[in-house]
Amino acid sequence: MNIIFYLSAVVAIYCTLRAVFHKHAVHALLYLIVSLLAVAVVFFVLGAPFLAALEVIIYAGAIMVLFVFVVMMLNRGEAAIQQEKAWLQFSTWAWPAVFVLLLFAEWLYLLFYQPPAVAPVGGNQSIMPQQVGEALFTRYLLGVEMAAMLLMAGVIGAYHIGKQKQRNYHRYLEEEENLRSTASEKQTQQVI
Amino acid sequence: MDVFHLLWLVPAFPLAGFLILALFGLRLHSRAIAWIGTGSIGLSAILTLWIGVHFLTQPPANYQYSLTLWTWFDINGFAPGIALYLDPLSLVYIFVITFVSFFIHLYSTAFMRSNEGYVRFFAYMNLFVFSMLVLVLANNLLLLYLGWEGVGLCSFLLIGFWYRDEVNGYAARKAFIVTRIGDTAFIIGLFLLVKQFHTLNIQDILQQAPVVWSAGATAVVWVTILLLGGAVGKSAQLPLQTWLPDAMAGPTPVSALIHAATMVTAGVYLIARTHVLYSLAPAVQLLVAIIGLLTLLIAGFSALAQHDLKRILAYSTISQIGYMFLALGVGAWTAAIFHFMIHAFFKALLFLAAGAVIMAMEEEHDIFKMGGLRKKMPVTFWTFLVGSGALAAIPLITAGFYSKDLILFDAFASTQGSFWLWLGGFVGAFITVLYTFRMVFVTFYGEQKKPITHNPEEEKAMMIPLVVLAVLSVIGGWIELPHAWAHFTPFSDFLTHVLPPTNLKPDMESQEFMLQLLTAVIVFAGIYLSWLAYVKKPALSASWKNTSLGRACHDFFYKGWMFDQLYDKLFVKPVVWISRIDPHDFIDYIYEGFGRLNVLIHAGFSRTQSGYVRWYLLCIAIGILFIFSLILFV
Amino acid sequence: MILVWLLLIPLIGGVMAWMFSGLSRWIATLAVLIDLVLALQLWLSHPSMPIQPVQGTAIGAGLAWIAEVQYRWIPLLGASLHLAVDGFSLLMIVLTLFIGLLCVWMSWHDPVSREKTGFYHFHLLWLIAGMVGVFMAMDLLLFYFFWELMLIPMFFLISIWGGAQRKKASLKFFLFTQFSGLFMLIAILALYVLHGRQTGLYSFDYTELLGTTLSREVAGWLLAGFLLAFLVKLPAFPFHSWLPDTYTQSPTGGVALLAGVMSKTAAYGMLRFALPLFPEAARMFAPAMVILGVAGILYGAKLAYAQSDLKRLIAFSSFSHMGFILLGIFSMQELAYQGVIIEMVAHAISITGLFFVAGMLQVRLQHTQLDAMGGFWEYMPRMGGVAMVFVMASLGLPGLGNFVAEFLILAGAFQVHVVWTVLASLGLIASMIYSLVILQRVFHGKSKQTLTHADLKPLEGLVMACLVAAIVWIGFFPQRIVRSVQPVVQQLKQIAVKQNNSAADYEWVWNDLTLFK
Amino acid sequence: MISVPVSVQLLLPSVLFLIGLLGVLIRRNVIFMLMAMEIMLNAAGLVFIIGSSLWKQADGQVMVIFILAMAAAEVAVGLALILQVFQMHKTVDVDQLQELKDERERG
């Protein structure tokens, strides 16, 4: 089983890298989906089959589809790719990379030189959906409710934000615009 | 019915007059204004006369009567009242104040007629009389201070009566501020008295002071010095005398009433009123005498060089009050009060006559541009001459002789007097004669230099006061004859109920006659000298004036011994300079600095808010890195 | 119950004025007038408070309220709606309402208030309510609440209806007062906690907290917190920087309440809270405060003289007079305490009069520059007359209220601080110098412009007549005030009594010349 | 089930997380940034799963469910915002979206 873990880990890392650094948005998304699938495999290997399924269904399925829609709506073809290319200069990513590598180094230090105290591994059984469900609807009931409200808010928010097409995003600007319009009205009146 | 119960009406009439004029004056006819303004004082004067007669015939117990109207405030026993106190001293004062005021008001009805602000004038004048009456009738020092400041206010308002001219405003301000300096000393003295006695009732203090304080105690020295500060400010004595000559900017009746007859003698009243304290502090009393002496000499010399008729009279007023201070300083209390009364008569007379002259000359003040008025204005001339005679103390026939002679004699003969004090007063008397008759001769003799357009002699309202005051200036002295002549001294006897008699050195009475003779000689010598210099041979004075020493002296005296210039350099300039250096309050800069600092810091942090989302994220990453490193390696 | 009404009437009146904007002036007049009548009636019906025999040595012993109510507010925290008045509070409430009424009337002709009239009166009335609340809150949290409540309407009054630089002025005012107020809040909370720890009773109640024993350092810090708020609001010497801008930019109605009453809330706070709560510490601070007071008197006078703007001049004169209040409070003498309280009333009236005059001139001239004025007596003799009264009050002319007050303060202070009092007395000369500037540069001199129909309008005349009558009344009949505040002064006197025992610690600044011993 | 050391197991989410972080930091396109954030969220979820398998507790998985819910909501709102922003500014370049920048600096 270890080999599956390693394999899917390599796949996940590779695909994530491709997803992040790819210039073509749709390609990047496809890589990301593959990466998510690989992570789902890892989930499964780690004994969380229910979550693996959810990962595939929700993340790789639902969420990524949303992305695809949006990318398609905003897609401007070759120009976008050229733009992405121009944006991915060395100077753009040099400093962030340094910091991220430093962070990674610290992480490695943490993982291997001060390894976490590991609880004794007891048996190799998976945690079944049944257990998850039990936990979810007993101890974490409040969390579920809140998540539900969050989703609700997300839905309404997304609808609301997506709906308003021509409104200004700040009332000050609106006032300014009103002023400008009244001023121009006055001008036109004067002209008349 | 006890007439003394009506005492409160004496100040109340002028107050009522003031209130009516202040509230409704703008709608009143000028005749009504004159009636109200003068009538209120007249009522007051009649009442004073009535009370005075009662006081003489049926005196109250111990010759003192007090009337508490209401308690001003009462804080743990410190309870000054709005309370009046009548004794011979205050009776003399209210008598002089009401009568002289009445005649001056009467004079003003005609004198001020052509002026706008007629109602304002009478309102202020009535307020002044009220304040002055409160000052002398107060039974505690706080109420006295109320009157004291009230008269100061009226003096300020009336000096600046013609408010359009900045010069008048300056003179008014100067008078108010200079006297205020003295008043501040006065009020600090009051604080000291409160601390010591927990009361400001004059009689209580006077009774307790000899018990609490031994002679020459530090506290009593301080108190008397501080009160003296108030007195010299109000009475225009050295070193606060500079305001009075400038105060002549006011209308002439004002000069007559406030700056000659009544207000400026408030200092004399204060010292006489608190004489017990001064007796406890002989050093300060000597200081009073010295101040009086120096002032009378300095002012006399200054008067000698003036050209402005009113300024001559102003300096002469300062000088005459110097005599009163001299008298107070040598313990001749009654002599000081006597001179106050006589001086009020003749100086008011002189000012009123001078006002008539100035009116006839169309606001010309320079005596050298007048001349020859004797024939055209006989009433004015004769009354002015009587007043001048009193001022110069012509023996026997003028009241001034009796009062001034008494002071000179006491300066010599009193236990606190000395030859030098007498000599100073004697020289001063000579100078007085010189400048007085210089003024008379230059104004009324010689050629007429300017025609008279409107002769004030036609105004009865102006001439009656002159005649009455002239009569008083002659007969006023006969109520107090010199010791050497006869023991006819009803005035002193009357005041003895309040003020202690003068202690004379033994065997002095015999010398009095000598001194009187000397005085008489210098008076006539002085008259002759000025006649010589200004009538007979005017070239004499002119040639003296043309020598360089003469001109230097003239300038020096003309400018009042340069006191104005000195104070200007010493006090006025620095104060103005200090005010000007920092009009915008440097403290504000400190807070402004805080503000600037905040803006600066804001500008620094504002840079971090660049608007680049990725920059924010990088910051977050750095933050994570930092926290991790902190946890791991620290 | 009447106390609640005193508070509610202006609050409700404010809302009504806002709603019925057209009638707002009448509503405001009515509300304040009813309130004033209520308060006055209460004050007059208690001519003098019986002084309860002092039991024990506690500072609060002997307090007797004329009226008192206590409602639950936040029982969990020990905070309650505790309203109570004694003669002192009631006097200040009457003063607030009196000045408030005149402010309403004075804004009648003020073109500034013609914009958003209802909203203007809403703020005015809420401001009055806040001040009334400050004067009767006997719960420290409630006191703080009202303290802040009066800040907000004032801020809006300045920032909406103020002069040309109103934004800066209102912000400065708000920052200064709010920031300093926070220190007071901290001190209140600390006192609350310390008292709770000691007694187990967590309460914000004034009477409860009175006897708290504190170590000298702690008491000093707490008092510093209170004093900071009060000194800024008064304002005292180094904290006055907000004053000229604020006073100059406020609308006339606002500035009268600001200079007249709001600054007095600080003095009230000191007398009511700071001193009785921390008597030891107050004695420790007294010399420094006395010096600040004297510095304020002289420095304020100097600044006033240097100004070329009428309103700034008056503002600095007000600052200068606040020095007397500080000096009086911290000289801890009975005479001085009485003087301070009379000064609070008298100065409120005189400064209101001066600012009204300045405001009326501003309406007529559209500016307040002294250089462009002069000779106005010719056109407005009546206004000149009333201006003269207030100028004279400001320079301490006897017969007007300020004289009695300043005399008592200085006479009281003289008992303990000879040198400082003498210096403060120099302020009397200085006050005359700058006060005469007002009179002479505005009303005297040559007239530089012609004004027509510029004299007082009937309503303005009524307002000024009320003020003149009041200041003269205080000048001649201060006994009425003296009597009604007697219990408070007795309470404060206990602080001074103890002083003799512990004066030795602070000998270094007492500066008592040994001349008079 | 597997015997990979926990440290090595945890290496995978850390690498994924850092890649995501790098992506957020260096991409200027809003959509890519959102994607990178999803990666980071996912990596966080993976840590929970590792914990869950280590201690044999269901709690970790519950957390991941919450993360999923949150991610879904976030993506929905985020994408709506992106659309809106694109319509208004005609760009997906975050460097041009600077409404939060301090006024003083702009002027």
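Per-chain residue numbering starts at 1, and chain names A, B, C and D are given in the order in which the chains are listed.
Definition applied: a contact is a pair of C-beta atoms (placed from the backbone, for glycine too) under 8 Å apart; a residue touches a chain by one contact, two chains touch by 3 or more.
Note that the structure is predicted; figures quoted are calculated from it, not measured.
Comparing chain pairs A-D and B-D by the number of C-beta pairs in contact, the larger count belongs to A-D.
Rounded to whole angstrom units, the spacing between the C-alpha centres of subunit A and subunit D is 4.
Subunit B and subunit D have CA centres that are 93 Å apart. Subunit B and subunit C, compared by their mean Cα positions, are separated by 37 Å. Distance between subunit C and subunit D, defined via averaged C-alpha coordinates, is recorded as 60 Å.
The set of subunit D residues touching two or more other chains comprises 21, 25-26, 28, 99.
Touching two or more other chains at once are residues 96, 99-100, 103 of subunit A.
Multi-chain contact residues of subunit B (touching two or more other chains): 614, 618, 621.
Contacting chain pairs (ordered by label): A-B, A-D, B-C, B-D.
The touching residues of subunit A, when paired with subunit D in their complex, are 1-2, 4-6, 9, 12-13, 16-17, 19-21, 25, 28-29, 32, 35-36, 39, 42-43, 45-48, 50-51, 54-55, 58-59, 62-63, 66-67, 70-71, 73-74, 83-84, 87-88, 92-93, 96-97, 99-100, 103-104, 107-108, 111-112, 115-116, 118-119, 121-127, 131-132, 134-136, 139-140, 143, 147, 150-151, 153-155, 157-159, 161-162, 164-165, 169-170.
Partner subunit D is touched in their complex by these residues of subunit B: 602-603, 606-607, 609-614, 617-618, 621. Those residues of subunit B that touch subunit C in the shared complex are 22, 26, 70-76, 78, 82, 120, 142, 145-146, 148-150, 153, 156, 160, 163-164, 166, 169, 172-173, 176-177, 180-181, 183-184, 187-188, 190-192, 194-196, 218-219, 222, 575, 578-580, 582-583, 585, 587-588, 590-591. Interface residues of subunit C facing subunit B in the complex, by the touch rule stated above, are 238, 240-242, 244, 302-303, 305-308, 334-335, 338, 375, 377-378, 381-382, 385, 392, 397-399, 403-404, 407-408, 410-411, 414-415, 421-422, 425-426, 428-429, 432-433, 436, 440, 443-447, 476-479, 482, 515-516. Interface residues of subunit B, counted against subunit A in their complex, comprise 614, 618, 621-622, 624-625, 628-629, 632.
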